[in-house]
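Following this message is one structure expressed as structure tokens.
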Amino acid sequence: MEWITSLFNGTNMALAGAAFAVFGAGTGSAKGVGIAGEAAAGVLTEDPGKFGQTLLLQALPGTQGIYGLIIGFLILIKIGIVGGTPVELTTIQGLSLMVAGLPIGVVGFTSGIAQGRASAACMGIIAKRPEELGKAMMYPAMVETYAVLALLASFLMWLGIAI
Amino acid sequence: MRNLAKNIIKDTDYLYASARIKALEKNLLTRERMERMCEARTMEDTFKVLTECGWPEIPSASMADVEQILAQRRSETFAMLRSLAPDQRIPAVFLMKYDYHNLKTLLKSEATGEKPDALLIDAGRVPLRQLMAMLRENSFSDMPAAMAAVVSEGRDLLSRTRDPQLLDFSLDRAMYAEMLDTAEAFGSGFLTGYIRLMIDGVNLRSAVRLRRMGKGSEILRFALVPGGNVSIMSLMHDISPDLIESVFASSSLSAAAGAGAAVLRGEGTLAIMDLACDDALIRYLKRAKYVAFGAETLIGYLAAQESELTAVRIIIAGRLAGLPSEMIIERLRDAYV
Amino acid sequence: MARLNVNPTRMELTRLKRRLVTARRGHKLLKDKRDELMKQFLSIVHQNHDLRQSVEAALMQAHKSFAVASAVMSPEFLEEALMYPKQNVSLSLKYRNIMSVNVPLYDFKTLSEDASEIFPYGLATTSGELDDAVITLSNILEEMLLLAQLEKTAQMLAQEIEKTRRRVNALEYVMIPQLQETIKYIVMKLDENERGNLSRLMKVKDMMLEQARLAALKQDEMMAEKIS
């Protein structure tokens, strides 16, 4: 019993939340950038002149990872692991911080992959009509909205949790 | 379980291939480019449209040279698709045509004693040399199973009946059956649908042409290919224009069936029906263009390449024959891009 | 016109006269033959002309269908479709006599009675236009054979006409005038001989009369001497 309560103490819960935010969003971004990258390679094989445009499209799904990292950092700062003295947290407080990490973790994961696919699809536009880059970028960028919304939700939760 | 898992196609396996194909699609002949080829003032201008699309220079305006370039394009396309496709069954479906063609040629040349070399196409799954050796030594174990099953049967059929048409019927049926099996095992609904539509087209054209040749309905049993969207049972009657129209009414071949019925009524030409069949196939394939990545892109591209080769042959042969451009354009198939 | 190199004898004359009669008769006969041959030839040429036009039109049609088929199909597929012929045709040859010219008569028989048994290929990989080409060609096979027969006949008749005309001309312009000339020559020669003979005889007669007169004179003188 003793070890269970020590395992689920506030700090550990908050750490898990931070880890989840970074992990989920990061994995999503990695997959997304990978998907877009494969498609970019295909386009580049036939048309090496399109490196710039394809790189731009490939980079789009990378933002989720950054958002995840931001939330992770914020949580770590709040519990004092980074830049301060560690704060004693109750289990409930820790749980709250963990929940705050969930939106960006989950949405970052799914939106990263979804954005990667949208980017890869838009590589097809770049392959055929490079002049339509602006429009092509809009589609994957729309997916970004939801990652930003999740980031906002996570941030608001983080802001609201009083320690 | 493992087998099942293997059959699930992940479209992300096709990211690289699809993107590369999309980049290549840019070089396919559009309808507008084809018409420019027809209307070009000189043969050089016609060829220039091709070189703009990445074709090699055609050395002279003779059909032999053009055919050589066409064969080269074909083998290049297949070589690329074979290296690009995550699953070899996609190019295989399109290569079977050449395997069965070679098989037919070799079996017929066995019977007539004619030298087949000039008629063979070394493009199939089984390299030509191997295929010839297999037939010589009667060992079909290295052949694709479906082909091996039909070789001795075909040989018997030919020596018994001396009817090359029956041999062709039997090999064509085997070919479409193998295509369909391969597509189904591959698990792409798009590919299966394409082959089913192709079978429907073959059945429609066979029914109309056999009727026009004055054959009875009993031959339909050999000539029709099972596996299409339209059941062949519904066609195994006395073929009449109305039957053709009603059987294909609800399929995407209804326009082609209308043209076929017109042929039987003595109003149209077979060329219009063939054209309508091919256009229906292209229309079906065009769906692949809306798929960002996946097997569909590859399938669509392969089919588009084949129809492009035909289009180029029609244009250049027509121009060499001195046909007016409107007449050539009339006969052109719809373009994929 | 040169005359024949013969001895101007009466026997030769009768022989030549006989020959002239034969030549005249031959000339007339050959002329009749030539006219009849011409009549036959012209009718065949007309027939030939019409048939050739219809065959050529059909061939053009077949060629057009075939050109379209070969544009749609790749050449290997096209040739494979046609490499093993299904229908067999046997051709028999007989002769007909037109004015002693032996002209050929073709007769063909297909191995299978079924007229639809002419397509040696499957339908999946072939174009419909190939059917059209094969049907057209199969339909004009009979006409083409008839055309071949007519053309050969016309050719042989033309040769025969040429030969006959040469003979007629030879008779008309060489043989007959020659014979006539020679006959005329012999007749003239004979007449001349006749005239020569006559004058000789007359001379002999004159000489004999003179001699007789002289003899009579001599006798008279001798009588007178006796009397005196």
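Which chain is which? They are A, B and C, in the order written, and residues in each are numbered from 1.
Criterion: a contact is a pair of C-beta atoms (placed from the backbone, for glycine too) under 8 Å apart; a residue touches a chain by one contact, two chains touch by 3 or more.
Quantities reported herein were computed from a predicted structural model and do not represent experimental measurements.
**Student:** Line, ring, star, complete or other: which one describes how these chains touch?
**Tutor:** line
**Student:** Check A-B against B-C and say which one is joined by more contacting C-beta pairs.
**Tutor:** Pair with more contacting C-beta pairs, A-B versus B-C: B-C.
**Student:** Suppose each chain is reduced to the average of its Cα coordinates; what separation in Å results between chain A and chain C?
**Tutor:** Averaging C-alpha atoms per chain gives centres 108 Å apart.
**Student:** Using mean CA coordinates as chain centres, what's the gap between chain A and chain B in Å?
**Tutor:** 47
**Student:** Just curious, how far off is chain C from chain B if you go by their C-alpha centres, in Å?
**Tutor:** The answer is 62 Å.
**Student:** Could you list the positions in chain C whose residues touch two or more of the other chains?
**Tutor:** none
**Student:** Please name which positions on chain A make contact with chain B in the complex.
**Tutor:** Per the touch definition, chain A meets chain B at residues 35, 38-43, 45-47, 117, 120-121, 123-124, 127-128.
**Student:** Show me the residue ranges of chain C that touch chain B in the complex, using the header's touch definition.
**Tutor:** Listed in rising order, the residues are 67-68, 70-72, 74-77, 79-81, 83-84, 86, 115-116, 119-125, 127-129, 131-132, 135.
**Student:** Under the stated contact criterion, what part of chain B meets chain A in this complex?
**Tutor:** Chain B reaches chain A through residues 12, 15-26, 292-293.
**Student:** If you look only at chain B, which of its residues touch chain C in the complex?
**Tutor:** Chain B residues touching chain C: 67, 70, 97, 101, 104-105, 108-109, 111-112, 114, 116, 118-121, 162-165, 167-169, 171-172, 175-176, 202, 205-206, 208-210, 212-215, 223, 225, 269-271, 273-274, 309-310, 313-314, 317-318, 321, 331.
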